[in-house]
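The chains carry the letters A, B, C, D and E, assigned in the order they are written, with residues numbered from 1 in each.
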Amino acid sequence: MLTYTLRRLLFAIPTLLVISFIIFALLDLSPGDPTANLPMTIPPEVREKIRESLGLGQPFHIRYLLWMQQFFINEPLNLLEKWTGWTIGDGNRLRVISWQTRSPVVDLIVQRLPQTLWVVGLAYLIGVLIAIPLGVISAYRQYSWIDQFATLFSMIGFSVPTFFTGLALIVIFSVKLQWLPTIYDTNLRVTDAHTFWLQIKQMIMPVSVLALYNAAQISRYMRAAMLDNLSQDYVRTARAKGMSERSVLLVHVLRNSLIPVVTVIALGVPTIFGGAIITEQIFRVNGLGQLLISGIQSADMPLVQTLTFIFAVLIVFFNLIADVLYGILDPRIRYD
Amino acid sequence: MTDAAAPTVASGIDTPEHSLWSDVWYQFRHHRGAMAGVVIFALIVLLVIAGPWIWNTDPTYIDVKARNAWPSFAHPMGTDNIGRDIFAQVIQGGRVSLLVGFTAMLISLLVGTLVGVLAGYYRRLDGILMRVTDLFLALPLLPLLLVVIMLFRDTLRAAFGPETGIFLLIVFIIGITSWMNTARIVRGDVLGIKEREFVVAAKSVGTPSRRIILRHILPNVLSPIMVSATLGIANAIITESALSFLGLGFPSDFPTWGRLLFDGANFMTLTPARVIWPGLAISMTVLSINFIGDGLRDALDPRIRGR
Amino acid sequence: MLDGPGPVLEVSGLRTVFATRGGSVHAVNGVSFAVAEGEILGVVGESGSGKSVTMMSLMGLLPSPPAEIVGGSILYQGREVRDMSPREIRSLRGGEIGFVFQDPMTSLNPVFTVGFQIMEPIRKHMGLSKAAARRRAAELLALVGIPDARARLDDYPHQFSGGMRQRVMIAMALSCDPKVLIADEPTTALDVTIQAQILEIVRELRRRLGTGIVWITHDLGLVAGIADRVMVMYAGLVVEQGPVAAIFSRTQHPYTRALLATVPSVTEGRQARLRTIEGQPPILMAAPVSCPFAPRCRHAFDRCHRENPPRIPVGNGHDVACWWDPATGGARDV
Amino acid sequence: MFDDPAREPLLRVEGLKMHFPIYRGVFRRRAGEVRAVDDLSFEITAGETLGLVGESGCGKSTTGRAILRLYEPTAGSIRLEGREIATLEGGALRAIRPEMQMIFQDPQASLNPRMTVGSIIAEPLDEHGRLSRSARRARVMALMDAVGLNRSFVNRYPHEFSGGQRQRIGIARALALNPKFIVCDEPIAALDVSIQAQVVNLLEDLQDRLGLTYLFISHDLSMVRHIADRVAVMYLGRLAEIGPTQALFARPLHPYTEALISAVPSPDPDAEAGRKRIILKGDVPSPAKPPAGCVFHTRCPKVFDRCRKEVPQLLDKGDGRRVACHLHDDSVVHVREDVAEPGAAI
Amino acid sequence: MKLRHLLTGAAIAALIATTGGAPAFAERGADGQVNLLYWQAVSIMTPYLSNGTKDLQAASLVIEPLARYNEKGDLEPFLVEDIPTVENGGVSKDLLTITWKLKEGLLWSDGTPVTADDAVFTWQYCTHPDGGCAQISNFSDVTNVEAVDPRTIRITFGVPKPFPYGPLVGGQAPLIQKAQFADCLGPKAPECTKANTYPIGTGPFRVVDFKANDVVTLEANPNYRDPSKPAFATAVIKGGGDPASAARSVLETGEYDFAWNTQVEPEILAQMAAAGKGQILSAFGTLLERLQVNQTDPDPALGAERSTVAHPHPFLTDERVVKALSLAIDREILVETGYGEAGRATCNFIPAPDLNVSPNNDWCLKQDMEGAKKLLDEAGWTEGSDGVREKDGRKLSILYQTSTNSVRQAAQALIKQWWNEIGVEVELRNIDGSVFFGSDPGSPDTLQKFFADVEMYANEFDGTDPEKYLGEWTCGEIPGPDTQWQGGNTSRWCNADFDAALAELAKTAGLDGRAKVIIKANDLIVNSPAVIPLVHRGRLSAAVNSLAGVKMNAWDSELWNAADWYRAK
């Protein structure tokens, strides 16, 4: 298992290098311009100056190598310094600077993480927590009314676009009923019961929109996995041992069914860090998704490059985690 | 074998005159959700195809005086804020959305199946192809779209005209960024099927690899592919609408359900018909396709079929 | 409890029907038998003859729907199982009646250790503490001949070979000292050498624990070696039943005779050709009104097609459901 | 049909080795191999049936597949009608395939569930023949007749048939190219007793009619005894004993053969009751770590010291019988194990 | 519609002033918090590295220029005693220098005094060759800025400046503190994250917490020059969302006090305003939505010479054709459907201030289909069998591009229909804003490349003087491959009379005299086939009823007088 993991990690390095290059080339090819959002009153020679000051005058490979150095050496060192309080070198390293905000990209990401994890992560967690029992029940009572209901629920969650559900929720709960805020306050610090309640209130709508979508998908996987396992021989063995239906279902079948589902869940974790572009925009959560889309819209190359690359790292990493998890959960599989 | 009586057909549990597909069809027919899905989907397709004959209003015609009209005989679903007929737009939009869904699904299916089969069948291709899959999972959709539009728009416009050109681009982008799941699933199944004895049997007969893939492997990974297909249509329709939401996608006078919904979203309280109908159209289509997919999955699964 | 030779399990007139989309399939059509303590009852027949279904229906192990018991009675130590609550039935299963299934590869849960799976029924039915259950599990594994039993409790099923897994299944079935063990083709998937080992273990266990055993198989050779009594099933019916020696030496039913004839022997001279029984057992869409074997029977006559024969005793606890009398070659005088 | 030393056998296998490498570690270094088949030699005369028996995992099926070149043999020679096929590649290998065919264990698994019976049987014809559509059809029909399948089933799918009928389909497919040699890989293991007899009868009929040569792989000794002319017993990738069926069953030389035969139950309660049984201890060891010396020594009831050290060679015991066991090494038979001198043997 | 007539920008300001009650500023910070919503989130707090209006406006709460334009477009002194003019001697007679006098006792928010050195530094900062300063054009022609004494700043120009109020005036060019930015010169400018996001300023607020592209938290500046201001103790500028949801948060739910740029379809805005929680504010500056008409041929077949002066456009150089296109447009409908009270139909290129507006062009205000058709007939374009006009075998077919934006797309659809009615075939194209407004020479879709026949966008100019803005229409400003497609003359219109008029403007001083020349230049442009003015657009924002003191300003930051805002009781 360990050697397998090591081997995969070794393999991940060239993979990620290739991915980083492709992303960089893609963004470089893309026609967006960092000065496009400036007011039109700014004359072209000034725009050209700005572009040069952003380093766009340099040839492609220099910019790529520079980014690599900044991302793989400077930023990790910087984080290390921050966390440990050490001083490494003169501490005067060139960081990955966002063109749009002129501040270090990594700081922006760190700033955005909390709300993304809170909203998107919690939605994912809730989605999973809804999906698993839903999948279990609808598989156990296949074709019963509860299965049909669960199917309908998950289909609706899957098929109605989030910008539609989000807006509908706002019109109902914010405009008509005035119960919930439409704006997510990232400044809110939870210090007491009241602020906690405020935090809950502002999270309800975005979290439920996203959780519905996540629950919809995962519950289908859960149902299929349960159906697969319910017809296995060992279920009969467990019943023949006189185990109660509860323990047959929740110990024997569930444990086996969770194997594929857990890997699906692990594979989905990177999407949390990708943020939820549309939902974040509707509820002004301003998480990583909003950061990415604003970066794209303003052609903020260092930001987009860094974000997408971190996303790629997470994808590769969670692919690995999913495989390793598979090996851990399923004793039959031993990677060597 | 002189005393061999004519072998009797093994009676399954059922009458002998049924093939694999009639079995699948039987099971499918008894999946209530799937049948409802088929009926609804057929109705939607019919309406969208035959729509222009039923309702021959030009979807781009602007009747400035009738702006923001509520549903009436002249405009069964009302009009938008510059006076275009919503019903005509929903019909026109449906043609595009369904076509996008269908074509993008085909592309993603083709790529996904190809990658999945190659990775699953040829061990040496497995690693590299799965890493390519990782790469595609990590690609940022929007910059990719911008790049591709920039690179190929004029060529395609010259070759196919502006609307078909952009249609092909969008369909291509959606297809090319959504095949990864299919590839993973197909690869997993191929890994299992290539160890099955009938593949060994084909090898022992001397069947070359490409025909083993075509004749033995592909037909047996059909069920995950079919399910991917139904999900793929739904996914493509949703993705197109999300692209519209982000202001990319089709030109403004080229209605799609996603664009109609997006454009109408702000009018939710003023002229609700503007969002209800396209929203309903998307949801019903995706819903019905999903139910069809669900029914197919159950029907194609031999274990479930037996029940 | 019961010291006498009285039956532990007594089944009479059991009928089980499957509701399928083609209609209802009558899989068990009035089966009666009894198992006494310490007795091995061999049940033989082709696939589809209703052997397994009969035994599965006894303790409600068939998924319902589609399967449903529509008639008969099942007496366990004199108590009617069909009247029991699900909870009571569960305490019988695994506690009083153990099961061993055909395929040891799939019958064990792959993600739990063998120890956990053996301890499960012990803790449930015997109420032992975890440590005590573990001790007992180790003893059981040793009993079925697994070396280094204590250490192997923590292994997963895939770490055992097929034969070892079947021993684990047997240990599990015996974990609560059941009065009856139902073994459904337990050695079919195993090599002959391993099969011989398992048979040895079962004989030994029967001797030591006095368990009544129902052994389902299609291997007549196996039955000859292990069973005290044999029950031959066809189309959900018991067609012949009797002490093992009587069944093999004074075979009554044409079906039993045909079955015996198909088996080549390792010891006797080589036959020129193997004998066969053409066709398959029927799938009954209704309870049989004529002899279901008649279409494949070389001795069938009019009455066979009109009337389903009852089980006719032929002495020494031997009975047969057939109108034809091998002694005379003509109709039985009933 | 007994050994005729004058005739070149149809199939001659010499020193066949089939090792599957095991890779370990971060850099996937080769860390050993599974010796599925280790130094196997035998021959099959045209028209005869060689039974290959042994426990599961002993390498029977691997042998069969390696002979048919479904694997790349690690070493050794396989000659079919005097022609070396162990090293054939690509087109040449494809060209030889019609000569040798295979019948599989699980008729359910070996038939593509999505193909009709007709197309399954026609597949070898498509690959090798240049038959017209109608000729192909006629050939399929003829094959179906030959194996006793009703012609009207040609458009049905495998799942509509019973196990025995499916096996007939598999046999028809194997016969399609008029092969000389067929590997029957446990063709009856998955079938009911009554059906087993039907299939075995069919195989015998076909052999008589078409002059086929079989390698009949099975773990069912009573069937092997019935169908085979000669029997080879394998244990852990090696040949334990080979010889004419009657003689081998009547007087097994190898302790393993003896144990195997004694383990087969016979449908006669009296015989069963009186029989002396040899019960082997434990399981077959892993072929990745075979025991030193005689591979059977860990379970052998007659083991002695030499068995643990020295690999027994296949000894010719006359009458076409050969055995790999130190007990039968005549050169040391007079030397008891307590006075055994190393190197005295071979 | 009704609303538009009732509430013009000025009327709203008046309304608030009267309903708000007497502005009684008891003390600084008495009114708690004010919540501002900028749906385009604030990225940075200095306009010198800014990415747009939203940053500039946010920064205007913190850092201030010497003088600002008020809501009427007049200059108002902020950090200085008064506005220098030739009359009061602040501007030299030769128009080469201007001298500003700082107010007494001005302090930065960190408590240090503001001196003329800071002004000098600001100039050095922005004009550093490697700095990439976004506002460098505000300092064009400045040869020197010197501190005569700690309170006196003298700016010297290289050429006579009839309108010398560029440097350090208006929201684009505020004063920054030398002490804070001293290490941020040139290439280091972008790395000074702390200074760029927490600038020390003289404005009513100072930054407490800055989350880029999300939320800026500010508190009252303790050293603000008026001890009773600002009324609000804290201010929050939240970003994200879209215009409609921003308007909703103010007008319907009342969660926020002020929402910037609530440019949504008018009927939606009207419906939201009907909730009664807040009001819509508008003000008109110089922003003009127009159609640029390509005077060169964008045919892809021309390859590298596509859209260059080498190939004049085959028919759009014909004034009659373009006039017909203009007549076919009903500008009132465009306003009604797209802009509501934030738009007015216009036929002028310079729509404001009133002084500079030409009275000569209102022929286009009324749609005239017949007139348009007649013009096309005259020009020789006759209707073909498919309803599309043709001439010499060439179809009257137009590719019409603009940026992606729902209002623009609605306008596109309307105009397409009108043009179809007069027999013109139209193909629409919309391009993502970041591409269209970007000037990447590699992209074919920029507005400078103009690979289309007609393109629509809006443009304006800073302050009130259009000299530089008009300068973009000279022949030398035509973009082409030789200039990397840079240059403001997107229509590629070249006219000797216009160039002469512009030269005249450069020499004319005095507002009235300049106005005359400006109107002449304007008329030359709008009567050419190079442009079709559509809508004079205003700024549109929303404020809750309880927020008083807001004076909507189209000439400077909308938050220009935030110090005077207070909570109506």
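Observations
What we mean here is this: a residue touches a chain if its C-beta (ideal position, glycine included) is under 8 Å from a C-beta of that chain, and two chains touch if they have at least 3 such contacts.
Per UniProt, the chains are A, B = Peptide/nickel transport system permease protein; D = Oligopeptide transport system ATP-binding protein; E = Peptide/nickel transport system substrate-binding protein.
Note that the structure is predicted; figures quoted are calculated from it, not measured.
Graph distance from chain A to chain B, where chains that touch are one step apart, equals 1. Comparing the chain pairs A-D and B-E, the larger number of C-beta pairs in contact belongs to B-E. Inter-chain spacing, taken between the CA centroids of chain B and chain D, is 49 Å. In terms of their C-alpha centroids, the spacing between chain D and chain E amounts to 89 Å. Between the Cα centres of chain C and chain E there is a gap of 91 Å. As a whole-number value, the distance joining the C-alpha centres of chain B and chain C reads 51 Å.
Among the residues of chain B, those in touch with two or more other chains are 4, 10, 146, 150, 265, 269.
Listed for chain D are residues 162, 198, 201, each touching two or more other chains.
Of all residues in chain E, those that touch two or more other chains are 432-435, 443, 445.
Contact residues on chain D toward chain C in their complex (touch as defined above): 55-56, 162, 192-194, 196-198, 200-201, 204, 219, 221-223, 225-226, 246, 249, 259-272, 277, 279-284.
The residues of chain B lying in touch with chain E in their complex are 60-62, 64, 67-68, 81-82, 84, 146, 150, 153-154, 158, 162, 247-248, 251-253, 263, 265-267, 269-270. Chain D meets chain B in the complex at residues 65, 68, 70, 93-94, 97-98, 101-102, 104-106, 109-115, 123-124, 127-128, 148-150, 153, 156-157, 159-162, 164-165, 168, 170, 173, 177, 198, 201-202, 205.
Within the complex, the chain B residues that touch chain D are 1, 4, 6-7, 9-10, 12, 16, 18-20, 196-198, 200-208, 211, 215-216, 219-220, 222, 302. Across the complex, chain C meets chain A through its residues 59, 61, 90-95, 98-99, 101, 103, 106-112, 120-121, 124-125, 156, 158, 169, 172-173.
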